[in-house]
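Per-chain numbering from 1; labels A, B, C and D assigned in written order.
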Amino acid sequence: MNPVNYLYLAALLFTIGAAGVLIRRNAIVIFMCVELMLNACNLAFVTFSRLHGNLDGQIIAFFTMVVAAAEVVVGLAIIVTIFRSRHSASVDDAGLLKL
Amino acid sequence: MENLIGLLVVAPLLGAAVLLCGGRRLDRGGPWIGTLFAAASLAIAAVLFAGLLGRDADDRTLDATAFSWVPVGGFRADVGFHLDQLSMTFVLLITGVGTLIHLYSVGYMAHDERRRRFFGYLNLFLAAMLLLVVADNYLLLYVGWEGVGLASYLLIGFWQHKPSAATAAKKAFIVNRVGDMGLSIAIMLMFTTFGTFAFGPVLERATEAGEGKLTAVGLMLLLAACGKSAQVPLQSWLGDAMEGPTPVSALIHAATMVTAGVYLITRSGAIFNAAPDAQTAVVTVGAVTLLFGAIVGCAKDDIKKALAGSTMSQIGYMILAAGLGPIGYVFAIMHLVTHGFFKAGLFLGAGSVMHGMNDEVDMRRYGGLRKYMPVTFVTFGLGYLAIIGFPGLSGFFSKDKIIEAAFAKGGTEGWILGGAALLGAAITAYYMTRVMLLTFFGEKRWQPDERGELPHPHESPRTMTIPMIVLAVGSVFAGGLFSINDVFLKWLEPVTGHAEGHSPVSALTVTAATMVVLVIGVAIAWAQYGRRPVPVTAPRGSLLTRAARRDLLQDDFNHVVLVRGGEHLTRSLVYVDHSLVDGVVNGTAASVGGLSGRMRKLQNGYARSYAVSMFGGAAVLIAATLLMRAV
Amino acid sequence: MNASSPVVSSLAASAASTTSTGEAVQFWILAVVAVLGALGAVFMRQAVHSALSLAGTMIVLAVFYLANGAYFLGVVQIVVYTGAIMMLFLFVVMLVGVTAADSLKETIKGQRWLAALCVLGFGTLLMAGIANASLKEWNGIGRANAGGNVEGLAALLFTKYVFAFEITGALLITAAVGAMVLTHRERTERAATQRELAERRIREGKQITPLPAPGVYARHNAVDIPGLLPDGTTSDLTVSPTLRARGQVRDVSGEALDDLAALEQRSGDWQERGRSEDAGAKGAGK
Amino acid sequence: MSFPLLTLTAAVPAVGAVATAAVPAGRRTAAKWLALAVSLATLVLAAVQLVRFDPDAKGPFQLTESHAWIKDFGVRYELGVDGIAVVLIALAALLIPFIMLAGWHDADPQESGSSRWRPTQGFFALILMVEAMVVISFEATDVFLFYIFFEAMLIPMYFLIGGFGDRAGERTEGGAAAQRSYAAVKFLLYNLVGGLIMLAAVIGLYAVTADQLGTGTFSLQEIVQARAAGKLDLATTTERALFLGFFFAFAVKAPLWPLHTWLPNAMGEATAPVAVLITAVVDKVGTFAMLRFCLQLFPEASKWATPVIVVLSLISILYGALLAVGQRDIKRLVAYASISHFGFIVLGIFAMTSQGQSGATLYMVNHGISTAALMLVAGFLISRRGSRLIADYGGVQKVAPVLAGTFLVGGLATLSLPGLAPFVSEFLVLVGTFSRYPVAGAVATLGIVLAALYVLVLYQRTMTGPVKEEVRGMPDLRARELAVVAPLIALLLFLGIYPKPVTQILDPAVRHTMSQVHKADPKPDVNDVEAAK
């Protein structure tokens, strides 16, 4: 098997994640889908590093994870705050940044 | 000596400035100040005249250049004066009659609280008119030309609280502007043809230009003359102009300004001589107008309007004469001068009558005034005899000469013109007699005025009668004096040139014919108004009469075609501007607004739909890159 | 990681442009799992389920990392993502609870279609891109990992990417602080006293007394069991609305009634026996 | 280049504007006097320019200043005046004090309350700002520099129109404020569109120069010299395109039919002084720029476009006059009259004869003065009666003779009566046009009849006739107002009788322009008349 299939898989997962972002309304789920996309990217990076035979790809994937972690923290915090004020986790309800 | 010419113009101008800017404190002294300045210019004119007489016949010209007016690349217009016999004649007429009428106005306007301004305007008029006749180039002449137009506008509309007066003034100015358009085009033509518009070069070298150009210039000048001298087809303003105070009618609309056209044509003789077609146009206009004016004069019951009609017709004579070329110029000017005397006299008489009759103007409400205002009666009577050409009086000499010249034109043209002139003479005799009878003879037909009190006519004060007397004297003897061994002819010949026409009919025959038609005219008038009593309200009258009362419907024509048409045109243009020209602009704006309104719906505030568009964009970008790689 | 694992054995051949059959098999099996997990994450109605299936996908991905020779990342993936982040997710899900947002019914007109269109287009384009990228030649990770994967990463991380590394550190701290700031709510108005609360309750008059406790008799005291009204039916007031919304209310009224019946039955029997005994005792006494 | 006189002339009003704006709210009168003093100082500087300017000097520009500004794009801070510019600067500097005096009370806040918003300071500061920008765009010889101020002018003008409307507007339907903002926005958009098209042309010009000269430049002189030396030759189509880009902007500003519709709204809604500022000062930049940039940068294209432009300006003349006849609103009437007059100016510029261009340049000056006289008096009239509708007046002459008199003089100047300044310029334009395009000249002459019509109809309806009730007891001109009008009228008379001081400054500049366009005046049929004299 040609390892390029990993890339196909990554693409597929990314697309699925994107679809989730587009059709789900629950902020948390959307967030998870974003995570899914990030992971897909990571997979691609890792595969690339295998392709090129150096570790840079993995480094990038590593950074992606770190950033993703940070993003999750802040993002979830935001979700919680919005939920507090709006009693809803739907992105559609959060049409305005003001109350 | 030369500098005096400038002074001639400046003196009354100064007067105007003093009076108009002087403020209330001059209200009382105003009239006399104005008269003083007029007299000053008269004195200067006299000095200049003496100076000219001092020289021998062929260099009686004075030239003075005050300063360079508009010096622009390839275009020189100077404020320069040219005084020769022709302009001298006019200067004398203007200052003389002008001063007399200033004097008259002192009495006539005594009770008007705005008389200071009145005299200011009169002085302004004098200045402009003098500038007109002493200018040495057409552009400066144009300045005077428009200046007199302004003065006449101000003076016609002097009683501005009367809407009729205001309208008349406006009408006069605008109709004149049409003429002025002709003059300015003529000047441009001269500039493009000769590279200058100073009298000297233009007139000297007129023959060098193509006849076509000259004809064009001539026709344009004629248009100008028609405007200023109230000739058909631009005559309509003169009748209404009678709304102005009577002295104004006498000075501007009888003696001086309206004759500017004759001056213009005579002055440009060289051009006309070289353009026969233009001359034909001129004589046609003259002949038509002299009949037109006369007919109108027959029908009017308003004494001033009747006189206005007669003015038109008399100027028609002059234009006709001027159109005849060298055989006519001298007589045109001669008639102009004599006419200046007797017509001014007649108007002043009319003014005096109105003065006595509580400003009543309808002749049918006069009658039998000869007992009450003898001086007016006598002076008016002399003027009347003069204008109908009673043998021995001024009118006789000048008009007779014109009729002769008309015949002398030769050919059928000559016969037609001569016939027209004769017919005109007959009608003149008729309507003037009518005026005379209605005003001074017959029984009293006085009516109470709007304040309900009957007029009790009285002779006017000295300041008014003296000018009338002087003018009467002029209108009696001027013609005679001029004709004594052709002094006037010899005086003008160096400027206008003169040619003896060979008339198919002898001078004697013409004179006889003139006498005959004169008697006929008087007789008819007597039959109609002298023998039987005159109804106070005008009878309906024949179709012609009614048409003539309305200036032969020419005014109605103007109203329907020009005024109404113009109103419709402007109204539609306003609409066009608002809805078409502006509509396009606003339409564009509206469409943009609408479009953005539709676009706004995309911004629905849902994060997810934004995400969709972003995602689509990403897809498009990838597609683009792939395509780039593919090709 | 011992050398006998299929992952490592695959690495020997990793210089070639194809993988070992073992890895192939592993890929095809796990790939399906991963995709299923992803789809689940997207389409599960309840956030909890999505989270769990996503966790599954992530674990699979971890395996793939390992298979690609990214041992460190594989472990990090499991520990950080599946371990920490997903749990954080679940935590927030619990905190936020369920709302109408969980229903999959679309509210924005045309959103679905547009989304589908974009996704399909995007996906196909991406695939096409990869397809015509013609990635035939594979260097394989073996040489890079010769000195050990972790050491290699460390070397890069602290030399070439040291600045990025520092910056991510800063980023993390900022994120932590930011999270605290965001979630911290300071009181804007004075807290309502007991008295005020009581008064408000009375004024509103909806529910004056305290809410009734859940649970039935002494048998069930779990929060998800509604209390029973005298007629034996359940009272909604007794369970938290969140549970009700999640449909996680356990209705035990039925069995409670059965138990009651059984109880009465048994006590009835017991009384019977007692009556006969004392009758016999009376007879023997003569 | 010793003493930066030109910069100073522009800088003084600019600084003055800031200072005026900074005057505290309470000290309204102080602000007014400060602004007036600044404008007078500017007038003095302009006068110094006139004195220092030497009409017979060699070279197109004098008092030049030149500094590098944006090196990367060859934009230079280049100032210099030719005869036309120096005269127009003098005109602007002359009119501004009168405009201020006339608008002395226009910007006083209606409700007396010390609000933090300071309308009066703003009004006078904005006027000074406009003056500064107008002056510098007359002075700029760098296309880009010119463009910047040509556009920046719109900002203060926008606020002047939109912010300080005519209080008489309340009687017009739709409410004054709405009308005013409509007018202001229209003004802004119209001119902005023109400006942007011009910007494209400016950039295009830069591109061409950069392409052919190696280093791109915006300097008018450099470009002209390069073209003369043949180093820079524009392709016919390029030159025409650039020309159109420039001309469009100037035609909007001028304004030329059919790009005129912003002017009546703007002049109608703005206060009379601001209206004068628009038509007498700001719009002159447009016609001036046609002379300085269109003709000098693109002589061939100008000649190519002449027939169309002549026709357009003829339409402007007659169309504007006819619409003026049809107006019911005094200020709109004056606006349309101005459109007609701008038609004359453009006609004179593109007749390509020295008479025509001298006339046009002189016309710019005279029209500025005459319109100022007429419009300001009209403003005084309107402020008395509180209405702009002609129908609301009548018999004013009886109650306020001086006002009526000055109004009449202004009107007569507008219909270019001989003896008043506009006549000279108008006749020069007509002659200049006639000698090249006789038909056009003759048609344009119709304009003088129509002018008489609209002026006299206006005068008759407002001033003469029986006195209207509302007009009764209307006060005559006050001292301040007379101080505004009298000097203008005096100037009209003087320039009408003795225009030489102005023409002798204008003439060399015009000759230079003519030589730029390589056009000679048509020769008269009968030659050497001058020799014969």
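Quick note on the criterion: contacts are C-beta pairs under 8 Å (C-beta built on N, C-alpha and C of every residue); 3 or more make two chains touch, one makes a residue touch a chain.
Small disclaimer: the values here were computed from a predicted structure and weren't measured.
Put simply, the chain closest to the centre of the protein, by Cα centroids, is D. Set against one another, B-D and B-C show the most C-beta pairs in contact at B-D. Centroids built from CA atoms put subunit D at 37 Å from subunit B. Computed centre separation for the pair subunit B/subunit C is 108 angstrom, with centres defined by C-alpha atoms. Centre-to-centre separation between subunit C and subunit D, using Cα means, comes to 76 Å. With centres taken as mean Cα positions, subunit D sits 64 Å from subunit A.
Along subunit C, residues 108, 111, 114-115, 118-119, 122, 126 each make contact with two or more other chains. Multi-chain contact residues of subunit A, defined as those touching 2 or more other chains: 18, 22-23, 25, 92.
Within subunit D, not a single residue touches two or more of the remaining chains. In this structure, the chains touch in the following pairs: A-B, A-C, B-C, B-D. For subunit A in complex with subunit B, the residues that touch the partner chain are 18, 21-23, 25, 91-92, 94-96.
The residues of subunit A lying in touch with subunit C in their complex are 1-9, 11-20, 22-29, 31-33, 35-36, 39, 42-43, 46-47, 49-56, 58-59, 61-63, 65-74, 76-81, 83-84, 87-90, 92-93. Residues 604, 606, 608-609, 612, 615-616, 618-619, 622-623, 625-626, 629 of subunit B touch subunit C in their complex.
Listed in rising order, the residues of subunit C touching subunit B in the complex are 108, 111, 114-115, 117-119, 121-122, 125-126, 128-129, 132. Contact residues of subunit C toward subunit A in the complex are 14, 17-19, 21, 23-24, 27-28, 31, 34-35, 38-39, 41-42, 47, 50-51, 54, 57-58, 61, 64-65, 68-70, 72-73, 76-77, 80-81, 84-85, 88-89, 92-93, 95-96, 99-102, 104, 106-108, 111-112, 114-116, 118-119, 122-123, 126-127, 130, 135, 138-145, 149, 152-153, 156-157, 160-161, 164, 168, 171-172, 174-176, 178-180, 182-183, 185.
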